[in-house]
Structures are given as structure tokens and as C-alpha cells.
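Listed below are the structures to be examined.
Look at the two complexes coming up: chain A is in both, with chain B in one and chain C in the other.
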Partner chain A sequence: MSDMSWKDLRGLDCAAVRDVGEQWKHYVAKMAEQSERLRTDVIDGHLSADNYESDTADLVREQIDLFTGRFEDDLSDYADIRVATTLVDAADALEAEQKELTEVVGLIEEHDFEIEGGPREYEVNPTGHLHRAIWLHLDPPQWLCDRAGVDKPSAWYDVLDQAEVLAHLTCLYDSANELCGQYQDWLRAIMSRAHDADDDAAAVLAAMREHPPELPPQFGATYDDLIDDYKDRLSEEVASEMEAIANGESDMSPEQVNEWWESLSDAEREALIAEHPEWVGPTDGIPVEARDTANREVLDDRIGDLDTRIASIEAQLATLNGDPNAAGMYGQSGADPDELRAELEELRADRDGLAALQDRITDDNGDPAVYGQTDQQYYLMDFGTEDSGQAVVAIGNPDTAENVNAYVPGTTADLQGAAGGLMNRTETMAYDAWRREDAGEETATVLWMGYDAPDTIFPEATQTKWAEDAADDLESFTQGVRATAEGDPSNLTLTGHSYGTTVIGEAAATEGVDADNVVFVASPGVTVSTADALGVGDEHVYATTNSLDPIALTPDFLLGENPNEEAFGGSTFHSDHGSWFTNNHSTYWDETNMAGRNSMAEIVTG
Partner chain B sequence: MSGADVFTMDPGEVHKSVETLFDVESEVEAQTGTLAEATGSLAQGLTDSSAALGPALAEAADWWKTLRAGGFAGLCGNTGEYLAVCAEEAVEVDDYNAGDFASYADHDRYPGRDNEHASARPDW
Partner chain C sequence: MDSPTRRTATAALAAFALTACSAVGDAVNQPPESEYTQAEAYAPMEAVAAEAIESLADFPGFEQRTWGEMPCSHNGIDDPDYTNIEIRYSFSAEVSGTDQVREAYVEELREYWTAQGYEITFEDESAHNDRQDRDLAVRTADGITLWYSVAGRVTFMIQSGCVPVSDPSEIEYVPPTGGLEPGGEGDKLDRYFPDGIPTDQAAVDPFANTRPVAGPEPFDSPGSYDNLL
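The block that comes next holds the complex of A and B.
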């Protein structure tokens, strides 16, 4: 586990990390030349059938081909994708945090604050020197007087202004502490993301040693006994790797997954989609077209499985003592009717949710549906029925679009919503972007409901645990969009609504999100007190809340600072409310708020 | 067409294959050693900075050097020695062990691969 202190991070030689990563890439190229020598100079050259022909000759040529192939795969899978890419990516990630750290530490020192505490719980407080300047000398620094709206005493005998300082001590301290709090949040976010990058890199390197494929056996007494087993395992290797990636055992980043996917042959990729769509479908780093094909297959199967299970339980209930409504009675199977009914209800809800999702993204011929307003296809990037259900659906292909806007919904988001109202909002955003696009430009709009959203406003939506659980997956999603992009990276915006803004804030501050802009709509708080802590640059942080939305009443101590406040440091834009009689927390994508919708579309389309 | 009844060999060409195999083995070992050294140095610096990447990188580099690149280099060497025995005996070799190479090793042809080198192999 990463234990870097802020001083460790500040002194880290990121260039050296990148340099060694590049050395590994260079090494891979040099080693590939050696393997090529074996193929060209040995197998097809000196040891060709023209020079050596016999059973033994065939055996040796096959052996050289086997271990050369193994080495080439090792070079790609380990030396290049794991080690080299990990080092270069870690250098980039740590360097970005190091740059921000230099900035915030400079500000902390400039304001006469100091950093206290350990690597994961840093505190920023006024120094003793600043305390004395305020308390003892009644001569706070100019920046603090400006911040608190107090005239700075011009000299030691300026008793009038000193009296004003004395009268405003609380105000001065509140002002200093507010700034300390913002720098503290910023510092903690930097260190959290740096630790996350460090831990992720270490995990990839540790995981690659866990279950590596075996090397071919050497010639010798046991060769004949071992070689057939080796060949058998070789044929299953790609599927095993895919399984380890899908289960998270490989710890590879989406970029590394993409490199691995691209290293496969067309036949290997097609076989994986056909034989293991359940692994291909949800994996960030695999191109969206492949994921869509795999997920639609799995969705079909899942609905079929649920139908079978529902029919089975209905049959059990029908035969239980001849009375399907009997409660607390036990039939021959020993099943409890109450438990069966509860299970049936859950299965039906899952089934209905998935069927509704399938209907929404499939046309009458069973092909992927197209959203008529923008003429863009729906892509199913992920789905699930765990807890409230998950769905990640894109309108337009994020791999080829110039702009990508991912909408993160909030409290009560579920599968039915994903197929209904939440998808309506996603479509509205797709339409709004389409209206503003330049010719030849495309925006893919994604409903990212890849997390278990709170089911209730109170108490669930007042807790950060749902956002904490979602953070890693949202980080991975943004990295996946980057990894599979064809051509230049897209302009990627994360748009959160309500608790969805808390999810984005938590992910950005703790894990880091690879986004260009974040938009907070109707936010109850984003877990941090300053836009700087989000790691995307405060000029790329936007917020809006209409004047009749009760979310504005959420106290800061629950989910963090309201990003609409000036002190937060982002930009805000206006949203119109709907009628007085509607729920104005949910009118942001209605026609009554064209001002807000146009602002969002402007951000999304750059 | 190969098969039990077919046996043709140009021992000189086979010996050239052996030389290539030994040369690849040596190149891989040398370049991997250099890389592992540079990586180990970086890993130590990272460890000193309390980065989790430091120890993980050190172990990964050692694993790569010893087991993966090292394993490949070992297979080049083993196959080369086997081929060298085939070339010396000029018949089909069914029961091979590394000791066979030691007894046939031609120091002029394969400088540096002496008996001690062969006897260090696991199936000696």
C-alpha cells in the first residue's frame, strides 16, 4: 500500500520512472528482433527442411516455434503491456499530481499555513506566526484583511484599524480556516489520487506474477510427457486471460486491457465475443462495438434465464399443498411459500427491468435501435441486476465521437428508470448536443448508471457510501473511453444530477477521473470544498441549480460544499425552474429550462 | 516428406542453427540483465519514497529476468545443445540429456559452453 507523504511525492523523479518505462519498450523491440532471428535464420533458414529432414527435425522446429511464440506473447503481455505501460502511465499520473501539489503547497506556504498529520489525513492549519500576527499584533496579512473585508493597520500606532481587527477576530479566523479547509481538501484529493495511481501500478505488477502461463518443457527425459499438456493449455490461454481481466484479477488498467485486446487476432477476438460474451461485455478498455454485441447476447440469455426461473417458482407455488396462496406452509420441496413469493417478486422486477431496457435499445427487427432525433445507434456498454440494477447505454459510439457526455443519475435510479425517464434525459442531452454540433462532428451521450444508486433520500442519499462504492467504476469508465477512442481523444464531459454529482465529486477527488469537464446539476454537495480538488482544473467545473429546487437547502456537512457557491471556485450557469407546482428538482431537461440545456450542450460540444 | 524412414541432415547448417540459438540466448541474457539493473535502481528509489510501486517493480523485474526472459534463454540453450548432439551423432536422438552435449561440445565451435556449463542444467 502506498505510504508516500506529500514530501515524497514532491521529490519523486517521475522522469526517471518514465525513462525506465521507455527502456522497457525499447527492450521489447530489441527482443522481438531476437525472436525474429529464430524464425528467419533458424526455422526457415539453417534448420529448414532443405537442411534437416526427420522426425527429430520436425520436433525441434516445432519446439523453437513454441517457445519463440511464448516469448513473443510474454514480451507483449508482460514486458510491454504490464511493465512498460504501467511505468509510463504511473509517471504521467504521478507527475500530474506532483504539479498540482507544487501549486497547493506554494499557496499554503504563501498564506502562512502549515501541513500537519499523516499521509492520508493531512490537515492544513495557520502557522504560529500567523496566529501571532492576528492575535498578538492585531496585524493580519493583507490577503486575510481583503478576504475578511477588514482594513489592514498601516502601522503599529494605527489603533483605529487595530480596534477593527480586534472586533473582527472571529471573522478573520473563519476566513483563514475556510481557506485552510479548501487547501486541505485539495491536498487530500491530490494525495488520494497519487496513492491510488501508485497502488494501481503496484497491483498490476504483482498480479502478473500470480498465474502466468507455463513455458514449454525443455528437451530431456520428461519432454514427451509434458509437451501435449502444454499445447492443450495454450489453446485455452486467451480465454483464461480474458476471464482474469473480467474478474479484476489481472488489475490491468483499461488502457492495458485495450493493448491486450488489440494484440489478439481477429479470430481470437471473435471467439471471445461468441464464447464468453459475459466477460467481454462489461470490460472497460474493449471497444464499444464489441461490448455492445456481447452485452446484447448476454441480455437475451439473462432474460431467458429469468423467465425459466420465474416459471419454475410459479409452478412450485401452484403445487404447494394445492394452495398457492398458503403462507407458512411447506410443500414436498420443503420450500416456504413466503420466501418463494418474495423471490418471485424480485425476479419479476429484474426481468421487467431488463426487458424494458432491451425494448428501448432494440428495433422491431431485433437489431440495435437508432435514436431518431439524431440518427444515432444505442450501444449497450454494461448492465446488471444487482441491488437497484445497473445500465450503461450510449447514444452514438463513444469510440468514434468527437465529444462524449456521460450522464450520472442520482437517487432512486434503477433499471426501469434506465429504460424510461433517465433515458429520456439522455436522449434530450443527445438532441441538445446534436443541435449545436458543427458539421461532421458527433457527440455520444452515455447514460452511466454503473453504480448502485441510493433508494431513498433519507437516510441513504445523505451518506457518501454509495458514491464511494461507485468511484472506482466511474474512474475506470473514463479511462475506458480514453483507451478505446479512435483518433484524437474526445472532449469528455461528466454530467451529474443530484446524488450523481456526489458520485462524480467523490470519484474525481479520490480516484481521479479522466474527464475534460464536470457539470453538477442540482447538487447536494460533491464531497470537497473547492473545485481545485477535482483534478480537472477549476475552469472546467460547472454547476447549476434552479431557484425553486429544494436541493439548495442541503447542509454542507452532509455531502460537502455546494458547488454553486462562489467560494467553491467553479463556474455557474443559470437554469430556469418549472411551474411552482412541479418538482423543480427534476425539471432541468424540460422545455422550461432551455437556458440551462443550451449551456450544458455548449459545454459538452466544446 | 518427413517420417520414420526419412533422414537427411546437413550437419554444418544444423551447427549454424545451434550457434544462432546460443547467440540469442546470450543476447537475451545480457540485455535483460542491463534492463533489470536499471529497473532495480529505479525500484530502490521508489521504495525509499514509500511508493508501493517500488517493491512491486523490483519483484516484477526479478521475476521477468529469472523466469520469463530467463526461461526463454534457457530454452534457447537447451534446444541448441540438443541440436548440437543431433548434428554430432547424425542420427535421430530419442533419449537426450544435457550430459550428452557436454561430451560432444566442441570448444572451438561453441566457445564458453564447456562441461561445467552443461552440467549446471537441471536434466544433467
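The block that comes next holds the complex of A and C.
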């Protein structure tokens, strides 16, 4: 793990890191020209079959061709995708955090605070000088008097104002500590994201060192024995790389995955989708069209597998029911009927959830369905049945849309919801964006249920662990949207509802999200106390909670500050509540909140 | 600093407030009683839409209609037994740019709906780049909301509020209003009628088969929601 300190980050020469990356890019381009010359001038030129015709000549040409191919592959996979891109991306990411760090450190020093503690648990506290100014001299600085609403004593003999300071000492101290807390959250978020970028870069480079490329066998007595094996492995190499990427062993970022994917031939890509859809489907950085094709294939297979397992358990239970004492306590199979019934129930729930999802995104001909209102296709970007289930479904292609809005749902989100109510809400967002788009614009609306949501409000939704588990995946999703975008980057918005806002806050503050806007709807807290800590610019942070939503009663210590508070520093927009006789926590996309729906669509469509 | 015990207790209280597990809370948390079930709601919703459209002069015709739904919640959690219908009519992009639908119709509808005694629940006007957007919404006595929205597209939405979900087989086709051909290209109800839209049926009397229903069954508040949410 990165042990970069805030001072290390402040002093880092990001431009130098980027220059090295750019030099590698330049080197790759030059070397690719050399390898091309090897093919044209040597293999197809001086050593061509026209000039040298023999078995040995064929062998030499093949050997040069294999080495040239290996060299080109390694240039692309290692020098370009891993080394150059890693350095450039790391420089960009660290420079962004460095810029924020400079800002927050300036504010910390300006307010007479100091940074204490280690690189992962920095604390921001008042300096001794500030302590003395408040407690000993009863002469707090002007900014603190303004925050606390206290008149600053004009001179040492201004006893009236000093008396007022004395009467408000606790208030002044709390106000100073509140600001310290905000700067601390901001600083920790910056350093968390910087460590994440540092660790990611280190992991990619380390993975390269751990998996050095294999060269063709050398000429000699064993050549004939070895060359066929080498060719076999070469043909399997793309699949092996895809497997390593899908399993997370390559540590490549979505941007690097995309570069790798684009470096493949059409035939290689088609073969991967056809033969290994389970690897292609969930991988951020692979274009959405390809993922959709792969995921639909896997979805079909998964439903079939579940049907088979369900039938098998039903058969076992039928046997047990017919003669439960046939052999032993649980019949001949030795299976516990209660366990079988429990497993059957789970399998049926998974099967029904997946079937409902498939039904929702597939038309009667078995082709991808289209959301009629906006004439946009549904794209299945990811899914799973682990825990409550996962589903990432886009209405419209995020790779080609001008705007992308990813909706992150909250507590009790599950597969049935993804095929039902949550998808209804996603469609409503797609429709609202479509209503407000300018001519020629398109908005892709994504249901991002790529995490295991809490099943209960208490105790699960009062804990941050679900958000912590989701953070890395949400970061990767946003990077994937950027990596696969065709043309200009889209205007990317993350819209969280309820616990979904906590997920977005946690991801933004700890991992970093590559989003233009974040929208917090009915938030119980976003894990940090200031919009600045989210890394998207406080002017791009929006929040809304209607006046009858009981979520506003959530105490800050559970999931962090309420982003609707003025002190949080983001923007807020109005949402109307529904009936007094309904719980108003989930009425934000209802007929009672037209103002809020319009505001959200306005943000999403830029 | 709060003690862990105190924090847990406060967390439980906060969750209690959200789920409002009490007799009073339960009344608050019920989806409100509705006049209709989902299957019964479409006809009166389409009827009240048709009445509004008939009041508009020189109607240019809608481009499309869809039936959408939004989730309803119980205790703040989406409740699959209820749904919120939103019938969505929209003009073409070209018609959406005309003053007739962007300005005149807003005023005509305001006059018509006011004369009908409907309560105006939302009205707004805002500038968007070089565009002036407008919204006007009313609610009828039986709880149906009508929302005329002028933005990039001009749309007309009819909303049911929360109604008990019906089995898909119970939902009957209701022909569209505003010049759309029943079952035609712009009548996008494939999801509800996967076997094809029954366009051969005569236009239905929108109120013929409706009857008020008692609304959702009363909900007995359990002692704990842990296993229910």
C-alpha cells in the first residue's frame, strides 16, 4: 500500500512522470515502425521466397515473423498499455489530487490549523497559537468570529466584546473544530484517492514484472518439439489475457483494458465473445455493445443451469417424500430435506430474478428490447446472483450518448427490483432526460445495481460496509464509461437514492469517481462532511430531500453529514413531498414531485 | 464522544423514524387508498386525457403514447404490490417547437382545467438556453394528475398515484387520444400486450367497466420489521 504523505504529494513533479509516459508512447511508435520495416524489408524483401527458397529459409522467415509478432505484442501490451498509459494516467490522477491538496493545505494554514498524524489518518486541529488566541487572549481571529456570529474585540481594552467572546467560548471552539473536521475529511479524501492511484499504478507495473512475456524457442535440436507448443500457447494467449483481466489479476485500469481490447483483431474479439462471454460481459473498459452480447449469452446459460439444478433438487425431494426412510435419516442421498428446500428456494429466487430481468430487456423475437418512449435499446452491462443480486442495465448506449446518468439505488435493491420497480424508476429518469434534451442529444440512463445493497434499514443500512464494498466497483464503472466513450466524453452524472447516495459518497471520497456531477436524493449521509471531499468540485454536487422525508432524521455519526446542510457546501434543489399519509422517502420520481424530476433531468442533460 | 451503546440506540431510533413502526406511523406509511386498481385505472385516465385534448383548438396530433410505471413505497421501501401509472403522450420534435403547443395550449388548458374545478398542483416557467420551458399540472377529484410539460419535447402525462398492481391479464387495451392510430406505430404498448394490440375492438367506454375499490388491505403493524424489509 502506498505510504505517500501529503508532503510527498505536494512536492511530486507530476509533469516529469507524465513526460516519461509520453516518451514511452513516442518510443512505442518509433519501434512499431522498426518492426514494420522488419516485415516489409526483410521477411517480404531481402529474405523473401523470391530470393531464398528452401526449408531453412522458410524456417528463418517464420522465426523472424514470430519474434516480430512477439515484439509488436509486447510493445503494445507492456510498453504502451502498461508502462506508458500507467505513467500518464497516474500523473493525471495525482496532479488532480495535488491541485486539491494545494487548495486545502492553503486553507488549513490560512485558518491557523495544522496537520497531524500519519498518511492514512491525517487529523486537522487548531494550532497552539489559535488555541491561545481563543482561550487565553479572548481574541479569536476575524474569520472565526464571523462563523460564530461574535463581535471581535477591537483592542485589548475592549472588555465588552471580550466578555462576549468569553460567553461564547464553546461555540467558537466548536465552530473551529467543525471547520477542522471538514478540512480533515477533504484532506483524507484527497490522500485516499492519491493512494488509490499510486497503488493502482504500482499493481499494474508489478503484474508486468511477475508475468514476463515468453519468447519463441531458439533454433536447435529441440526446436521442432518446442515450436508447436509455443504456437499453441500463442493462440491461447489472448484468452489467457482476457481471463487475467476478468479475474483482476492483470490489475489493468478500464482505460488500459480498452486499449488492449482495441489492439485485438476483429476475429480475436469475436472469438472471445463467443467462447468466453463470462469474462467479456462484466469487464469495465470493453465496449458496451460487446458486453451486452456476452452478458445476454451468459444470462441465458445461467438460467438454464439454474433450471437444471432446480429440477435436480426437486427430484431429490420427490424421492425423499416418497420414501423418507429408505436409507438412513435423509434417504439414500443423505441430503437433509430442510437444507434442500432452503437451497431450492434460493435457486428459484435467483432463477425468477434472472428470468424477469431477461424478460424486461428482451423482445418477443429474442432480440434486445427497446424502451419505446425514447427508442433506446436496453444494454446488459453486468449481472449476478450473489447475495441480493446485481444488475447493471443501460437504457441507451453509454458509449455513444452525450449524457450518461447512472442511478444507484439503496436499501433492499435486488434482482426482482432491477426487473421491476427499480427499472421503472430508471425508465422514468430516461424519459425525463429525453423530455428535456436539446435536439440531437441523447442521454443513456443506467441502473447501476452493481453492489450488494443492505437488506434492512436497521441494522444493515446504518452501516458503511455495503458502501465500502461497492466503492471500487463504482469507481471502475465510471472509468469504464470514460474509456469506452466514442468521441467526446459524455456528461456523466451519478444519481444516488437513499443508501445509494452513501455508496456514491464513499466511492467518490475514497477511490474517486470519474463523474461530472453527483446527485444525492434522500440521503442518510455521504460519509464525508464537505462537498469538497468528493473530488468532483462542490459546484457539481447536488442534493435534495423533501420536507416530509424521515431520512432527514438520520444522525450524522452513522453515515456522515447530510449533504442538504448549507455547511456541506453543495447545491440543493427543491423536491415536493407527496401525500401526508405516505412515507415520503421514495416519492422523488412520483407525480407529486414534478419540480424535483425536472431539476434532476436538468442536471443530467447539462 | 457518544458511547457505542448510545450510538446503537440512536441508530435504532433513526431507523424507527424512517420505518415509523407505530400505529400512527402505519397509517402514515400506507400507500393512500385509491379509487382504482391498476387495471381499472387506465380507462378513466385515458378518458380525462381525451377530454383535455378535445378542449384544445386545432390539435396537431401526438406522435406517440406509452404507458409507464413508477414504484410505490411502504415504509420508504418500494412495495411491489402497488404501482404508479404514468401515461405519456408526446408531440413530435417539430411540433414541440411551435408556439401553439409551447404557449397557447398551456393557457387553454389552464382555462379548461380551472373551469372543471381541478386543483392546480404545479406550475412553473423557466429559461433553458434559448428555450422557455413551462409546466402546468392539476389533480382531479378522483386523484388523477394531469401534467402538461413544455421542455425540449412537449409532453402530456396522466398519473394515477399509487394503485394496487393488477395481473397483466386483467389489463385491457384503451385506444389512444390526440389523433394517434390505435395499435399504430406511435401507440407503443407492446410491453402490456405482447401478443399484439387488439386494434379490432371498438373504442371502449372509458367508464363502463370501472368501479371504486376499497383500496389496499389494512396493514397490521408487526413488532419488528427486520425480516420483512
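Note that the second predicted complex is superposed on the first by the 595 of 606 C-alpha atoms of A that agree within 3 Å, B and C clash if a C-alpha of one lies under 4 Å from a C-alpha of the other, contacts with A are read in each partner's own complex, and residues count from 1 in each chain.
Criterion: a contact is a pair of C-beta atoms (placed from the backbone, for glycine too) under 8 Å apart; a residue touches a chain by one contact, two chains touch by 3 or more.
Owing to the predicted nature of the structure, the values given are computational and were not obtained by experimental measurement.
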Query raised in the report: Clash or fit: what happens to chain B and chain C when chain A is overlaid?
Result: fit
**Report entry** Partner chain in contact with A:I303 - chain B first, chain C second, else both or neither
**Finding:** neither
Query raised in the report: Taking the superposition as given, does A:L553 touch the first partner, chain B, the second, chain C, both, or neither?
Result: second
Query raised in the report: Of the two partner chains, chain B (first) and chain C (second), which one does A:A90 touch, if any: first, second, both, or neither?
Result: first
Query raised in the report: Is A:Q34 contacted by the first partner chain B, the second partner chain C, both or neither?
Result: first
**Report entry** First (chain B), second (chain C), both or neither touched by A:G421
**Finding:** second
Report task. Identify the partner contact of A:L107: answer first if only chain B is touched, second if only chain C is, both if each is, neither if none is. Result -> neither
Query - Computed vertex angle (chain A) for partners chain B and chain C, CA, steps of 10° - result: 150
Report task. After superposing the two complexes, find the smallest distance in angstrom between C-alpha atoms of chain B and C-alpha atoms of chain C. Result -> 34
Query raised in the report: If you look only at chain A, which of its residues touch chain B in the complex?
Result: 1-5, 8-9, 11-13, 16-17, 20, 23-24, 27, 30-31, 34-35, 37-38, 41-42, 45-47, 49, 51-58, 60, 63-64, 67, 70-71, 74, 78-79, 82-83, 87, 90, 119, 198-199, 201-203, 205-206, 208-209, 212, 215-216, 218-222
Query raised in the report: Quick one: in the complex, what on chain A touches chain C?
Result: 363-364, 372-373, 411-412, 416-417, 420-422, 424-425, 427-428, 431, 434-439, 441, 455-459, 461-462, 498, 550-551, 553-555, 557-558, 576, 579-583, 585-587, 589-592, 594-595, 598, 601-602, 605
Requested in this report: Would you tell me which residues of chain B are touching chain A in their complex?
Outcome: 2-4, 6-10, 13-14, 16-17, 20-21, 24, 27-28, 31-32, 35, 38-39, 42, 45-46, 49-53, 55-57, 59-61, 63-64, 67-69, 71-72, 74-76, 78-79, 82-83, 86, 92-93, 95-98, 122-123
**Report entry** Of all residues in chain C, those that touch chain A in their complex
**Finding:** 2, 7, 10-12, 14-20, 27-32, 64, 66, 68-78, 80, 83-84, 86, 88, 90, 93, 121-122, 124, 128-129, 131, 133, 135, 137, 145, 147, 149, 151-153, 155, 157, 159, 161-162, 188, 190-191, 194, 225-226, 229
